[in-house]
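Please go over the structures that come below.
First chain A sits with chain B, and in the next complex the same chain sits with chain C.
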Partner chain A sequence: MNQISRRVPLVDGVAKVTGALRFTADLHVEGSLHGALVLSPRAHARVASIDATAALAVEGVHAVFWHENTPSRYYNSSIWFAGQEALADERMFPPVVRHIGDRVAAVVAETEEIARHAARLVVVEYVDLPAIFDPEAALVHAGPVMRDDGIPAFMNPVADESFTHGDLDAGFAAADLVVETHVTMPRSHHCAIEPHACIAKPEPDGRILILSPCQSVFAVQAVVVQALGVPQDQIRVVKTPIGGSFGGKAEPILDPLCAFFALALGRPVMIRYDRHETFTATRTRSSVVGRMRIALSSDGRILARDTETLVDIGAYCTGGNYLPSSMLQRLVRLYDVPAERYTGRAVYTNTVPAGAFRGYGSPQIHTIAEITLDISARRLGVDPVEMRLRNLIEPNAIEPWQGLNVGNARGRECLIRGADAFGWQGRRRADAGRGRWRRGAGVASATHINGCYPGFHEETTATLRLLPDGRAELVCALHDLGCGADTTLAQIAGETLGLRACDIAIVPADTDSCPYDLGTRASRMTYICGEAIRRAGIALAEAIRAAAVLELNTEASGLRLEAGAVRRPDGSGLALSDLAARLAARGEELPAATEIYRAQANPGSYAAHFAEVEVDRLTGRVRVTDYLAAHDVGRAINPMLVEGQIHGGIQIGIGYALYEDVAIDRVTGRMRGDSFSRYTLVNASEMPPMRVLLIEEGEPTGPFGAKAVGEIATIPVAAAVVNAVNDALGTELTDLPLVPERILAAVS
Partner chain B sequence: MNALAVSAPVDMAELRATLAAEAGPVHFVAGGTDMLIAGRPLPETGLLIDLARVAGMAFISTDGTDVRIGGATTVAALAADCRLRVRIPALCEAAAQCGSVQIRNRATIGGNIANAAPAADLMPVLVAAGTRLALLKHDGTQYEAALCEYLPNSGHLITEVILPERGLLPRSAFVKLGSRQDMTISRLNLALLAEFQSNHFGVVRVAAGALGPVSSRLHRAEVALAGRKLGAATLRDFIAALIDEVDTAIPGRNSQLHKRRAVAGLGLDLIAQAMGLSPRDRLFEEAAG
Partner chain C sequence: MRMSLKVNGQAIETEISPISRLSGFLRDVLGLTGVKEGCCEGECGACTVLLDGQPVDSCLMLAFQATGREITTIEGLCGSGVNDLQQAFLKMGAVQCGYCTPGMVLAAEGLLHANPSPGEAEIRHALAGNICRCTGFETIVQAVATAAAARQGAER
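On to the complex of A and B.
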């Protein structure tokens, strides 16, 4: 192995740290105008009138847009491809605003400063409508007709997923203990360093080029086409470098606006949100209320489980109606539960829309389940690790909902080896203390998917082509979100071609030049795109060897690719650049290979996380003092990047457990955590020492045995931390985040 | 786009002349950490005077009887000044816990006072120390006033912060409670200055921030310590007094329940820091128990 399991530095690392890499907001596009939004201060209101006179009078203002002079087409910003069925309830500028931060109008001007100044001069009259901020209240609210075409668009629940497996009644009847919990999880925000930004530019041929830090150029194209009602081929989308997304940029928010403004004005238009706008006018993780009833035998076996979830998807559907089923999909592939019932509902409220966020429902459902399991273990007097071991799913088990094989599932090894490395037994036996500070240890398991199979045509196309300089070009519509996917995938390509990762020239995702791909979502990059690239690499290697036969006077089967050369068995050979030159001299095309890979499986990635905490019973502050994450990754293509993903996942997860909440006021609908001074993230000094333990048993269907790690890294964290706090205090806290007020209320 | 003029005088004489010449409203900016980045709209008219380049406005003088600090002295400079730490360690501690490294590098002591945030970290220490301010009016008149008499909206410039010798008691401490350990806005902060000899407290001054619109002295907490022996019983009385102060300051507020308990932990941390002890010392565990 040349590239696999190597700690290869990020292929774009130097460009990033030297500032050579330009993010969207830093791009200078000749002749660009700038847009600024007028966002609703009302939670639910009809826009009675808009007076743009004063704004238009400002020198440098080109136009003011609102619902009366923009397309009235409805769209859904979460669609992935043209024609995808989804409840289309968004408009560029709705005549009825549905949440504080909804789009009311936009000013386009010569500079951002002028646009923002003029936006403050737009006079809007609102007629307030009744608003709902509580998902429980929303559940019984069929809602008024919101759309002016008479179609009810505010009916709750938006989604209602139910599933039953096995004999639930028998399971509960046989139980030695039944535990029931009510778990609430907050809305957290992605907090990517780069706020949302977009540039749209009219091209000479009448098309619009969109430069977007996105997770799928094809999704952006599909949404813009739906919003503008233009032909698909009129919209070209190119991905720009992303300064973090975590799902926050999965849905194009500014792109339809920019595209329309550019089309209307015939000038490039850039919009960039500031931090406040990114908080209040983009997406959050959905808040979820979960009720779980679990039937257990005295030895800790789960006999039956009954779960209800209520998902607050906010003011627009986006992809929120998938969340109840997504949570179900992840719930049923962790433990072997003989009888299961699940009911998941999603409801609209007059709050900022929910959207994708690292794990897409997995953190919520596993937090509910893992906290419940821990409370059960304590009440039964069974060690939490032992209890999980008694219930964990086995390799190649078939999960009961979709009937999918979970693959080489190694959750058991994560628990056993993780517990050993963490010193679990010793820590659990240790006294929590009797004074002000109490110590506790917690564990949580988790699983997550690898791609979208069996849904959404889970396939991708990779093309690898030998370049004249001996490197290889990779075309696969890749969307690196800053996590190192380009590096990992370049390592896979390099491995097959005897090249280094830095020798792989990755073509940025571009709807014009790349074949369709679902984009970066559902933990599919390494597992799906990686396998397509591996296959394309093998095919290109074969083509190179065939092309080298004449030059090296050796049968192709005797040639190997190594260190940028094609070599005979005796080691002699030809550099790929020389081979390319000779082929060019002969007038032959340079070798290339394209592979279409359609997934045949969706194995689970597994993890077990261990946390130690110290809780101050007087101030309510929790400090995570030690942390170990054990992950079944199949095989780590780049252990350094895998560890980086896990470290970042731990940071997000601790925040989810202890601090993060955009805190929408249940009376006013106003977001309290709408800036970094009001929204508490875990910063460096809060982070515990972290150890990562990789379980590399290989997934047969993954490239070089690899499985995903990006999303699962954050999924078990919150439950592990909460369970540790409950262990320290002897409490059964289930409302996240565990802010000091909640801790103190519990211990008082 | 707006009529705001900006001036950056290089010394006090130019500053005085600039002030005297300006008929309209005058605004001051030093570090700009509140004015420029908090989403506050900049003033649109008048004169904005940049104090960052005024020679002689950033200094820490600890050689005299009083400690004198220039109004444009950065919080980072306060945190790093060894001689200041000898005279009043609590001020250095408060400065060290104020904002982030970047904020501390820009923010000034004058700005911390003038911005008048209820949670300002330097304020409890300054209040407990009986601080006086040297102020400059627009007409060039200079005068001194007690910190508690200073009106942030007066427009008078804080040229010096004076910590009188009589207020600089030998033991001092500052502690804060935020949503996380650092880079956090105080939800409660406490400062203590005290005499302490033969295991007994002498004169004690305690002040708190984020319990009201301005930092203020906690007289009942002071009484609970003054003249008493350091021991679990005294600490328990001190905690009870602190809780009483919280109940009086924010009755019925959502945060009351949290703060009345948290102030006990914070109060013990305060005493431990002032005594150079660990809050995990048995003495404090006994008091907390």
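On to the complex of A and C.
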């Protein structure tokens, strides 16, 4: 192996570390205008009138847009392709605003400064309407989600998913112990350090070019087309470098606006949000209330489980209707539960919309289940690791909901080897302490998916082509979100071609030049795109060998690709650049290969996380003092990047457990955590030492055995930390985040 | 108003608005887009530059406050090349999306200037004002420690 399992630095690393990489807000587009938004200060109100006179009088202002002079088409910003069925309830500028931060109007001007100044001069009259901030109360606002004439009714529930498997009553009847929990999880924010930005540029041929830091250029195109009502081929989308997303840039928010303004004014338009706008006017992780009832035998076997979730999706549907079923999909592939009932409902409230966020429901459902399991273990007097081992799903098990094979599931190895490396037994038995400081240890397991099979058309097309300089070009609509996907996938391509990762020239995702792909989401990059690229690489290698036969005067089967050359068995051969030159001289096309890969499986990635905490009973502060994460990754294509994903996942998870909450006020609907000074992020000093243990047993359907790691890295963290706090204090805390007030209330 | 200052070794004399932020001046007037803006309230550190060798949040300074001072942005750290600290960032996986990286590198340079052999806790403390959302800081701390040790070794 030349490239696989190597700690290859990022292929785009030098540009990042020197500041040379241009993010969207760094781009200078000749003649560009700038947009600034007027966001609603009201949680639910009719926009009675808008007076733009003063704003329009400001020198340098080109236009003011609001609901009366923009398309009135409803759209859903979470669609992935044209024609996807989804509840279309969002508008560029709605006549009735539905949350604080909803879009009321926009000013487009010569500079951002002028636009922002003029936006403050737009006079808006609102007529307040009753607003709902509580998801339980929202259930009362019940009815069909869509009127007969296709107008959204904003009634609840938006989704109602239920599932039953096995004999629930028998399970509960046979139980030695029944534990019931009520777990609440906050609305956390992605906090990518790059705020949202977008540029749209009219092209000479009448099309609009959108430059967007997005997770799928095709999704952006589909949403813009739906919002503007223009033909699909009028919109071209190119992905720009992305300064972190975590799901926060999965849905196009500014793109329809920029595109419409550029079309209307005939000038390029850039909008960049500031931090406050990124908090209040994009997306968050959905908050979830979970109730779980679990029936156990005295030896810790789960006999039956009954789960209810209530998901607050905020003011617009986006993809929120998928959340209850997504949570179910991930719940049923961790433990072998003989009887299971699940009811999940999603409801609108007058709050900022929820959207994709690393794990898409998985952190929520596994937090509910893993905290519940831990409380059960303590009540039963069974070791939490032992209890999980007794219930974990086995490799190649068929999960009961979709009937999917979980693949080479190695959750067991994660627990056993992780517990050993962490010194679990010793730490768990150690005394919590008596005084102000209490110590505890916690564990949590998790699983996650690999791609969208069977829910969506899960296929991708990769083309690899030999370049004249002996490198290879890769076209696969790739969207690296900063996780290093380009590097990982270039390693996979390089491995098949005897090239280095840096020899693979990756064509940026572009709706004009790339075949359709679902984009970077659902933990599908390495597993799905990687396999397509591996197959294309094998096919290109075959084509290169065939093309070299004449030059090297030998049979193709005896040739191998190695170190940028095609070689005979004796090691003599021809550099690929020389081969390319000779082919060109003969007037032959350079070898290329395209593979369409359609997924046939959706195996699980597995993990077990171990946390040690110290709790200050006086101040209520929790410090995570040590951390170990064991991950079943199949195979680490790039162990350094895999560890990096896990480190970052732990960071976001610790925040989820202890600090992060946009904290929407239940009376006013205002977001309290709407800036970095009021929304606590874990910084360098607060992070514990972290160890990562990779279980590499190989997934037969993954490229070189690899499975996904990016999303699962953050899924078990919050439960591991909460379980450690409960161990330290002897409590049964279930409301996240464990801010000092909650700790103090529990110990007083 | 007129001001003169040195940016990345170059003397600059220019007319500026008295209310312009230093970060905006560096990005918009001088085109130094390696200076990133993440929050404009001094919380994220993405806009960190060196002011006479000391790391500062350039979003919290007005441009005129830099009169007569010397500013180093990421563009001025090593020209178009990569210095040993930047190399360590790359080699240890301390870069993911790259948005916080210029500020992080400069904050670390500022630390190493003031304290050439910092312990791990000192590194973490010095970087506490720079938020990275991708890496969990682990490899960043390692990269700074590695570069510090190498520089110390080279001096001996």
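Here is the rule we go by: the second predicted complex is superposed on the first by the 738 of 748 C-alpha atoms of A that agree within 3 Å, B and C clash if a C-alpha of one lies under 4 Å from a C-alpha of the other, contacts with A are read in each partner's own complex, and residues count from 1 in each chain.
The definition used in the following text is that contacts are C-beta pairs under 8 Å (C-beta built on N, C-alpha and C of every residue); 3 or more make two chains touch, one makes a residue touch a chain.
Quick caveat, the model's predicted, so the values are computed rather than measured.
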Chain B versus chain C as contact partner of A:745, first or second or both or neither: first
Partner, of chain C and chain B, that touches more residues belonging to chain A: C
Which superposed partner A:30 touches (first chain B, second chain C, both, neither): neither
Chain B versus chain C as contact partner of A:431, first or second or both or neither: neither
Which superposed partner A:651 touches (first chain B, second chain C, both, neither): second
Chain B versus chain C as contact partner of A:244, first or second or both or neither: second
Touched partner set for A:618, first chain B, second chain C, both or neither: first
Which superposed partner A:680 touches (first chain B, second chain C, both, neither): first
Touched partner set for A:85, first chain B, second chain C, both or neither: neither
Chain B and chain C footprints on chain A, overlapping residues: 675, 677, 683, 685
Contacting residues of chain C [partner chain A, same complex]: 27, 31-41, 43-44, 46, 73-75, 77-78, 80-82, 86, 89-93, 95-102, 105, 121, 123-125, 127-141
Residues of chain A that touch chain B when the two form their complex: 113-114, 117, 276, 435-437, 616, 618-621, 623, 659, 675, 677, 680, 682-683, 685-686, 739-741, 744-745, 748
Residues on chain A engaged by chain C in the complex (per definition of touch): 7, 9-10, 12-23, 25-26, 28, 190-195, 241-244, 246, 274-275, 481-484, 640-641, 643-644, 647-652, 675-677, 681, 683-685, 687, 690
Touching residues (chain side chain B, partner chain A) in the complex: 1, 38-39, 177, 179-185, 255, 257-258, 261-262, 264-266, 268, 279-280, 284-285, 288-289
